[in-house]
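A, B and C label the chains in the order they appear, each numbered from 1.
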Amino acid sequence: MSGSEPLDIILRSDGRDLDQRIADAAGIAARQTPMGRRPDRPVPGAGTPIWTGPARTTQSPADTYYDQPVVKAPPWGGKVSAYIVLGGVAGSSAALGAAAQVLGGGRLGALVRSSRALSALTATAGAGLLMADLGRPDRFLHMMRLVRPTSVMNVGGYCLSTTAGASAWALVLGGRCGRLGRAGRAAGVVAGIAGIPLCGYTGVLLSATAMPGWNVGTRTLPPLFMASAAATSASALRLAPVAPPGQRALAVLAATAQAAELAAEHAHERTFTDRPHVRACYQTSRRWRAGRALTLASLALGLAPPTRRTRTGRAAAGVLGVAGSTLTKTAVYTAGLDSARDPRAVGESG
Amino acid sequence: MEQPRCVLQILKRHYARYTPEMVEAVCGVPRASFLAIAEELIRNSGHDRTSYICYAVGWTMHVNGPQIIRSAAILQTLLGNIGRPGGGIMALRGHNNVQGTTDVSTLYETLPGYLAMPSVQDTSLQSYLDRHTAHVGLYGAYPQYLISSLKAWYGDTATAENGYGFDWLPRLTGDASYEASVAAAADGALEGLIVIGMNPVVGAMHGALQRKGFRKLKWMVVRDLAMVDTAEFWRHAPEIDRGEVRTEDIGTEVFVFPAAAHTEKSGSFANTERRLQWHERAIPPQADVTSDLWWIHEVGRRMKAKLAERDDPRDRAMRALVWDYATPSAEEDPDPEAVLREMNGVDEHGRLLRGSSELRADGTTRCGMWIYAGVITEEGNHARSRTPGTADDPLGHGWGWSWPANRHILYNRCSARPDGAPWSERKRLVWWDEASDRWTGNDVPDLPLHTAPTYDPPPDAADAMARLGGTDAFIAKTDGKAWLFAPSGLRDGPLPVHYEPVEGTVRNRLYGQQTNPARTEWRRPDNPYHLAFADPRFPVILSTNRLAEMYGAGVMSRWLSWLAELQPAAIVEMSPAHAAELGVASGDWVTIVTARSEVEARALVTPRIRPFVIDGQRAHHVAASYHYGRKGLVTGDPINELFALAGEPNTTIQGSKVTSVAVLAGRGATGRSVVTRGPLVAEPIPDAGVRRDLEQVGPHVEGPHGYLGPAGRAFGLEEDA
Amino acid sequence: MTKGFFTDTSVCIGCKACEVACKQWNDLPDDGSALTGMSYDNTGQLDASSWRHVKFIERPVAREGVESTLGEFSWLMMSDCCKHCAHASCLEACPTGAIVRTEFGSTFVQPDVCNGCGYCNAACPFGVVDKLVEDGRSWKCTMCYDRQRDGFEPACAKSCPTQSIQFGDLDELRERAQRRLDELHAQGVGAARLYGESEDAQPGTGGLHAFYLLLDEPESYGLPAAPMAWSRRAADGWRAVAASGVTLGVAVAASALAGRWMR
């Protein structure tokens, strides 16, 4: 086929069939980059007869529109899932670091340094992941065009940037003497304060959406995420070179956080006892079950006398703890995305 | 009205067997529903209420299509719905200018303005005029119309001595419709074909036979917006994909001209209301794109130049042809308003005519199209008018211009009583004004302005229009009356009757004659027919339809992304019961088979389609649109490939609405055709009881290329029109 | 002056002129050609490149108030679009301020500000806003903001041949809709109902600036029965964060002290 055939030209065009040499595309979507030729876009409903089943006597014979989704899942992938974990770690470790710095009486220096490092590292990595996930990464600073309290993502963005900056500053300068040192340590406190909403806001972020698997948990996801974040931080820090006083602090925090996490998971499950379609998204999730199991195991290892005193035992508890809390958070994330596909689940939310 | 031989009594006897029970038995429409609709129609007809009957190609694409429409005409006449606001019959044309194309006549049987094309039996102008001129009514001025046309075309060369060039016009020898041309081409009898804005391998029947004919042409010209399927028959066709035909062996020289779209050319549209609206182009055509006006004008110009030196009497028409439209330059379009002026007509002084009553038969007037006379006057081009309708002018006479004479409702004398007063205030349209001694009202009156309602034409009335009485509203009829019984004008019968399609599934319950006896068939091995009904090989009814998202044979929709994505695949709709029998779900492929061809499509299972229960027998029904072809952004097999050539007696319209088919699950050998492979299916076992024609009835006249039909169509022996 | 759409689905004929007019006016690209099998709806959903979506419902129930030979069957049609909610979840959730409320009361995504975070996609209770991966931004119906600025009605309303889509002052449309509803009820169409016609009727969204007259339950049309501006749940969530935050603060403090006081 020669290149000048009209069909060829259309096939090379952008789905608008406009000859841009003579037609001025001035519509608002003129510069929208099209999705390209997709002759076999996934076809929901094909293969399913349009109408099946006996006629009903009620006026409403169908409770869905061809089983099609009613809401849209956010277009997020693994990056956001990873961020939810990393951001939580960043915030809770910053809080721990600040508390250790202020209340540690000078005995928790290694813990303070490790916490700051973990916070700075995860906050920066998390911010990088979020930026990369944006459709227009070069426009990431648009997040700071304004302060919009109604937008959880907007507020969270400020928490993240504050924590990231303050933690980094504290890490670099906190150990020094003089004014720089004081500034660094003040930054550490700022990071700690900002870190608290940072490790919980993702629960608000998810629950303030139309995803039935998430908005069922307006009151349960924030506590769950915060407890999970604290558990992940504490577990991770147990693998760091920290002196015994620091280890004690971590043991207390881990046990508290993990107990709270398990309680929050239970509370979250209770929110959908009478919502079978939402429940199905969690019940079928292996991650949800595995996360709980691993967190429980980590808690046990961390409390049981034989294991809690040994390095190996504490390390094992740490690894299991990180794994368990991570699985729990990502299970919630995936369950919400799955719930978007079920129109009947939407019918249950309210 | 009691006299047993009067038309009303004949009508009653003729339709006595068309009872509601018969409607239910034959059509499957429940008796109660039929009666409800009938009563609704009657209740809404009368002095104060009128009703429209609107139809589209569901009525026309049958071998008795015109008779179906005529039955609506009879009904509306009896109900008093003709010539009144909100009444009448409206053809829902498929395109905003197809009315225009029939007005200027792209139909082979008519000259512009629906004048008759001469046939071989018209040995002179006078014999032609004797045949067509009416004694009474509008067509009493046939000489004025025709001679003014001849003067417009041939100018000064046309004189009374040479019959105004009448002998230069071509003559019909018989059926020159597209179907007849297809059969002729398939036998190599055609040299060339010019296809303008049509994609017949998709839109017309039996695409494989058409392609066989194209392969035997010496040359083909295609003008269209894209490389339509027809233009690509020589390299994109199922028989070529299967290796049955090789492109190298095809000798046809194909010329493709990219054609301007409506945005790139100026002119008028004429819609179903006969309303002309002028339209300005938005941009000039780019690159090699040309408008049809430019192209035809250029072809004419070059032909005249080539023939100017020759002396062959055969070329006299071209040499005499007046071809002097104002053209700014060789590349630009001729002035389309110059063409409109020629259609409108001028008198001997070059003054634009104001109406067809100004036409003369003495060669002093020139008018290319008598029905458009008055569209463009000294005041301007009325097709450009854009004054919306108002409460005082609800018909909107100020918007565009309706032919003839900006009259919006034909035969509008019917809207007044015999005494000239309106039938009702609510439905008044035109009425007699005693004070000013003329007809007046909300439309241009459709009879002479000063003909009183009580006028009784004297024996020595001056002309054909003066022979119309004051109540003769139907001025185009030779007696001024509406015809319930039509003794002439149609080739197939004075009264409509129910006939089954050429290929159906049930016996005609009303008559022993199964289908239209005056139809045309083409008896050839590459055009095999099914049994008339109950063909065990083809038990399913296929009906064809249009989709809102697609248009015609597809060039204006299948190549356009925004439309293509709305209906991206050729679908065939079937009932859940049928789908269950086949084991098919929505989206699955199915194959549809006739003796001519196989096509495949995707199934769409829907309860909107239900099996027909006719005469107690159940037949599955599938419905498919005819828009798809193998080229374009979205493609599909052309459904019309399934149909055989078969023609209606008056127009040779294709009977492509319904046929009998077989439906199979899965994909078959798409595009396989009897044309290149020989018989696709086994011959049926003949059953003497299954026949299309009664013994003593039928199309017995044979013509070239397998033609079998009424005598008049084959050899030009026209019945009196 | 708040403008809006009243879409009367009882007269929709499923011609899709609205879909095509919208695409043409806004220079939207096509979004693939796939046969869905969902009656005549091959568009499938509202998305970044389809801002009007005509739905077709074939249902085994007769249509009220109409005599037909179809028996226990009817075919409903509806032109779906962005609802332009009074309490717009997408707007409130947008972190960059790309989504704004125009002077006509519609919600509008500014394509030069949107950075494609996709949060609005999840916030919308009707699944309207959609991020286009290839393009990187989220898009939705603008209620033809550019046309309104020049005093024209949106392209879909202009092209609708049956006046199913009506555009005008929201107050006047609401009155018109109520009259139409009463008319249908008088004709025996008891199933006719309005959807999102006021804040009282749909408190979760505060009422829709593009509201509907439906002939069946919203779920049959793929609409949520009780939509709400989910962004407003954030207040509850933040309160939970605050409460948990206090607990977390106590926990880390206790942990630090436990470490400090360790012997």
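In this section, contacts are C-beta pairs under 8 Å (C-beta built on N, C-alpha and C of every residue); 3 or more make two chains touch, one makes a residue touch a chain.
Nothing here was measured: the structure is a model prediction, and the numbers come from that model.
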item: Most distant chain from chain A by Cα centroid; value: B
item: Chain ID, smallest distance between chain and overall C-alpha centroids; value: C
item: Of A-C and A-B, whichever chain pair has more C-beta contact pairs; value: A-C
item: Gap in Å, rounded to a whole number, between the CA centres of chain C and chain B; value: 46
item: Between chain C and chain A, distance of the C-alpha-averaged centres to the nearest whole Å; value: 27
item: Geometric centre distance via CA averages, chain B-chain A, whole Å; value: 66
item: In chain B, residues with contacts to at least two other chains; value: 561-562, 585-587, 604, 606-607, 633
item: Shared-contact residues (touching 2 or more other chains) in chain A; value: 15-16, 43, 45-48, 50-51
item: Residue numbers of chain C (touch at least two other chains); value: 24, 29-35, 37, 39, 58, 60
item: Complex interface listing, chain A residues touching chain B; value: 5-7, 10-11, 13, 15-17, 19, 21-22, 43, 45-52
item: Residues of chain B that touch chain A when the two form their complex; value: 225-227, 258, 283, 286, 559-562, 576, 579, 585-588, 604-607, 631-633
item: Residue ranges of chain A in contact with chain C within the complex; value: 14-16, 18, 25-48, 50-51, 53-56, 59-66, 68-76, 92, 95-96, 98-100, 102-105, 107-108, 111, 133-137, 139-140, 142-143, 145-146, 148, 150-154, 157, 196-197, 199-201, 203-205, 207-211, 215, 218-223, 226-227, 230, 234, 244-250, 252-253, 256-257, 260, 340, 343, 346-347, 350
item: Chain B to chain C touching residues, read off their complex; value: 29-30, 33, 36, 547-549, 561-569, 571, 585-587, 602, 604, 606-608, 633-634
item: Touching residues (chain side chain C, partner chain B) in the complex; value: 13-16, 19-20, 23-24, 29-35, 37, 39-40, 42-43, 58, 60, 67-70, 73, 75
